[in-house]
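Next come the structures, one after another.
You will see chain A twice below: alongside chain B first, and alongside chain C after that.
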Partner chain A sequence: MATYVLRRLIQAVPILLGIAVISFMIIYLAPGEPIDRFRSGRVSPQTIENLRRLYGLDQPLPQQLLSWMVAFFQVWRVDAWGYSFTDGQPVITKIAARVPYTLELMGTSLFLTVIIAIPVGVLGAVRQYSWADKIIMVLATIGYAMPTFWLGLVLKFVFAIKLDLFPLFGRHTYGDDSIGDLVWHLVLPVMTLTIVSVAGWSRYMRSSMLEVLHQDYVRTARAKGLPGSRVLFKHALRNALIPIVTLLGLTIPSLLVGAAVTEAVFAWPGLGGMGVTAVIERDYPAVLAFVMVGGAMVILGNLLADVLYAFVDPRIKY
Partner chain B sequence: MESTQLGQIPAKATTGAGQGAVDEVDLTPVRTYWQLARQRFMQHSLAVVGLIVMAILVTLALVVPTITGSLYAKTSLSLANHPPSLLNPFAPLGYDSIGMNVFIRLVKALQTSLFVGFSAVSIIVVVGITVGAIAGYVGGAVDNLLMRLVDVVLSLPSFFLIVMMVALFGTGNAIVVIVAIGIVGWTTAARLVRAEFLSLRETDFVQAARALGAGDRRIIVRHMLPAAMAPVVVAATLGIADSVVVEATLSFLSFGISPPEASLGNMLTNAQEFFYRQPILILYPGLTLILVVLAASFMGDGLRDALDPRQRVRK
Partner chain C sequence: MTVHRSDRPLLEIQDLRTHFFTQDGTVKAVDGVSYEIGDGKTVGVVGESGCGKSITALSVMRLIEQPGRIVGGSVLLRGRDLLRVDDAEMRDIRGNQISMIFQEPMTSLNPVYTCGDQISEAVSLHEAVGRRQAWERAVEMLQLVGIPDPARRAKQYPHELSGGMRQRVMIAMALSTNPELLIADEPTTALDVTIQAQILELMKSLRERNRMAIMLITHDLGVIAEMADDVVVMYAGQVVEQSDADTVFAKPHHPYTTGLLASIPRLGEKRQRLEVIQGVVPNPLNLPKGCLFKRRCPHAMPVCDTPPPLQEIARGHLSRCWLTPAGEPPAVGPEATGELAEAAASALQAPA
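Coming up: the complex of A and B.
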């Protein structure tokens, strides 16, 4: 297992290199130069030339790429990813400062998704074609088709404006740092994210459970007289959960990278919103770091899913 | 009902005892793969509903903006905040806060969305098929290289990359949005085509074509591609829904199509600004989006059952 993980981590390096190449290419091909935001009538050509040298833009592109790759892995150095163009903060510090906010939003939503979607999916599968199942499927289909940001708008309108139960946006009331205030602000964005992902997860869970319920070993368990609940939870559910691990792996990156759209709708100070702002502001050091962190999270998420597979399914060996 | 097996033997001689007749022929008409597929699609009622809804939406999006011309961007402050009224056939959904006709604008936005959705999917399909076909047909080092490229693109934070491309290459430009969605989205199609090609390469009919002296291009285009299209068609149909939502999201975040051009996303941005005056305006673009997504995904499900019975998911 350890060698497997190590091998996968080594394989991740060329993929990260590829990601760096693609983001460099996009920036290189885009009109203008990264330091264009510093140009103005009062900035002398000499200063621009110095800036170009400072950011290594006078070097050949492969050289720039290489030094960025080396810098990316030196996470222990605060200045490794450079300084933000907008506020002069080290990019690493800026990203690290947003991680807790993103985690509290995405983590709460993921937790709720798991504890709601799994029972709902199981219910749908066990009582297939019943009224409950039909209602679940209709709701899940609609929920799946709903664009996240639109759902956010509707929830905001209903719960924040009409009923005035929850705040419109933000993470805290100014000057109030209590947990209660935080939870109060969390409700609507978490609800938005959870509704959309429960719709997807419960459909997935239902079809996975149906698949398992038709297997021979479930019939055997029933035939030898085991009580229904034991068959369901001990034999069927445990196997039906295996594919859910894949879904979990796909969700891991968003735990840290955040949900840019939901964060934008609710002005949540998470990483996703930071990435979008960085693009708008042409904050190139932050943009590059954001793409790489996002890519690294996808790779780690896939790796984690594969490792978890081996734990939940003893047939899989690495 | 006919069995859903692909390889039917239409004219099978029955040798039943007592029948006597040796060459009694099954007179069921020979039906091609596509005829069978159409039959299976038509039996999938949700898919038919999806197809009808999509046809209505496409017709609306083609006809209404042609008739109304540039009215979708016309503002008239005297009509601002006019409520929806079914009695007014010209403006059944009323006017928004700067006096734009909501219905005309909505249909124009639908046109933009569908245009972006279909164009982006065309790019995805063309790039995906090209890469997948080359990888699967040539194999070896080329295949390896292309598949590593697929790995890289799959590991990219896709939505963020689209935002980045649109922001750097021209906000508000539909073509940039389409290309950005296409560049990020072709990997699934490429993987599907590659997988089909890897198995098709060894089949008898391809070997026969090669033995008859057909060139690589002819084998790929005439023999292998038609046989490999089924999963791509399904993925493309489902891809329309994704692309439409991505475009709406981009425009909502004011990266995509910007006013006065109409998009379902920028209509929502606008509706959000006038939340208190006319909350109903957030309803129309959202419901239209849901309709497009549902129609495309029902069609996709139906096509999967119809074209690719092996991949049928248990419902």
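Coming up: the complex of A and C.
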């Protein structure tokens, strides 16, 4: 197992390099260049030229890419990822400061998603084609099709403006650091994220459970004389949860990177919101760091899912 | 275990009807099936795929799934109708008095639990024993079914065992509670021929040891010849012939049984072509009127448009065919068939 994880981590290096090259190139190919934000009638061409030299923009492209990549992997240095154009803070500090907020938002949403979607999916599978199942599936399809920015706005309109039950945006009321205030602020963004992900997860859980319920070993369990609940929870559910691990692996990156749109809609001070702002503000160092962190998380999430498989499925060994 | 033994047979299936209500119509998978299994007897149930033999067995276990439903008849286990006991009582019978093993050993065991876990689960469910004792019983059972190094095997997962070994585990699980009746649904179909023979030998020796009855479902007449005391031949949801095994092999009466026997290739026999029964099983949604076999039958006659009753053509030998006991076409015209059926029915009811 340890050698397997090590091998996968080594394999991750070239993938990460690939992500670095591609994201650098995409950003390079986007119209304009980093120092455009400094151009104005009052800035002399000489100053612009000095800035170009300062940021290394006068160098040939391969040289720029190389020096950025060398710097990027020196994560122990606070200035390795450069300084944000918007507030002059080191990008590493900025990202590190936002990770906890994203974790608290995404973690709450993931936890609720799992404890809601799994029972809902199981119910839909066990009572396939019943009224409950049909209602669940219709709601899940609607939820799945709903864009988060729209759902977020609707929830804000109804619960924050019309009913005045929850705050419009932000993480806490100024000067109030209590848990209660935090939870109060979490409700709407978590609801937005959870509605959409429960829709996807419950459909997935339902189909996984349906497949398992038709397996021969479920019939064997019933033929043994086991009560329905034991057949369902001990024999069927345990197997139906195995593919859910894949979904978990795919979700892990978003735990850290956050939900860009939802965070932006609710002005949540997390990484996702930062990414959106960085793109809009053309904050090049922040955008590059954001993309790279996201890429690394995808790789780690997949690795974690593969490792988890070995724990939930005895047929898999590394 | 004290078992009340009466004069009644262990299991009596009476006029069992299990229908599947599909979107395209009702499929009468089992339509008026009756047969009995005596204590310690092995009854072979033969027929093509889809003839209702497995559905009959699942109906006895009350394991029919949607859209199927048992719509009529009774299943008496020592005189108690299993179709009328409540769910808790039925669970107590399943895996305890009646156990079942299935065709596919590769998929019939749960992949995420060890073999020992799955066997001891059945033991502790039906008997008041602790975890440790249940596990010890599981290991004993694995030993009994001829698995080498049973203590180690008990800790293994199904995927670590071969198909034959897995079927042995299934048998160990089924027999761990000393059932009075074992339902074996094509237990050897998915296995290699050599493994098949081993499994059949194993079932035979365990049958003697536990003095249990077996309902052996198969399409393999060789297996029947090897194992069965009595034979039930099924076709399109009905019993078409029923007798002791010797009679069925020596003097089959129903043309379907004759066809089945003729289609077995024999070693050393110089034949250019394999005998087959012409045609295919009728569409269960659109069964022919009269005899269900008539379209494939070499002896089809006008009288076959009237459904033949299952009648006794010799002592203990039932056949659902208009042919006379000697195998001749009946001398009577179609209008007289009603009388023939009545005569057959009254002959059946008359004390022997």
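The definition used in the following text is that the second predicted complex is superposed on the first by the 306 of 318 C-alpha atoms of A that agree within 3 Å, B and C clash if a C-alpha of one lies under 4 Å from a C-alpha of the other, contacts with A are read in each partner's own complex, and residues count from 1 in each chain.
Just so it is clear, contacts are C-beta pairs under 8 Å (C-beta built on N, C-alpha and C of every residue); 3 or more make two chains touch, one makes a residue touch a chain.
Everything numeric in this text was worked out from a predicted model, so none of it was measured.
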Request  = Identify the partner contact of A:Ala264: answer first if only chain B is touched, second if only chain C is, both if each is, neither if none is.
outcome  = first
Message = Output check: A:Ala2 vs chain B and chain C. Expected answer is one of first, second, both, neither. What do you get?
response = neither
Query = Touch check for A:Asn239: first (chain B), second (chain C), both, or neither?
reply = second
Task = In the three-chain superposition, say which chain, chain B or chain C, touches more residues of chain A.
result = B
Request  = Report for A:Gly225: first if it touches chain B alone, second if chain C alone, otherwise both or neither.
outcome  = second
Request  = Using the superposition on chain A described above, determine whether A:Leu163 touches chain B (first), chain C (second), both, or neither.
outcome  = neither
Query = Of the partners chain B and chain C, which touch A:Ile179 in the superposed model: first, second, both, neither?
reply = neither
Task = Report the residues of chain B in contact with chain A in the complex, numbered from low to high.
result = 148-149, 151-157, 159-161, 163-165, 167-169, 241, 245, 248-249, 252-253, 268, 271-272, 275-276, 279, 282, 285-286, 289-290, 293-294, 297, 313-315
Query = Hey, which residues of chain A end up touching chain B in the complex?
reply = 14-15, 18-19, 22-23, 26-27, 29-31, 141-142, 144-150, 153-154, 156-157, 161, 207, 210-211, 214, 253, 257, 260-261, 264, 272, 275-276, 279-280, 282, 287, 290-291, 294-295, 297-299
In the complex with chain A, residue positions of chain C that touch it = 61, 63, 91-96, 99-100, 102, 104, 107-113, 121-122, 125-126, 157, 159, 170, 173
Sites on chain A touched by chain C in the complex = 215-217, 219-227, 235, 238-239, 242, 312-315
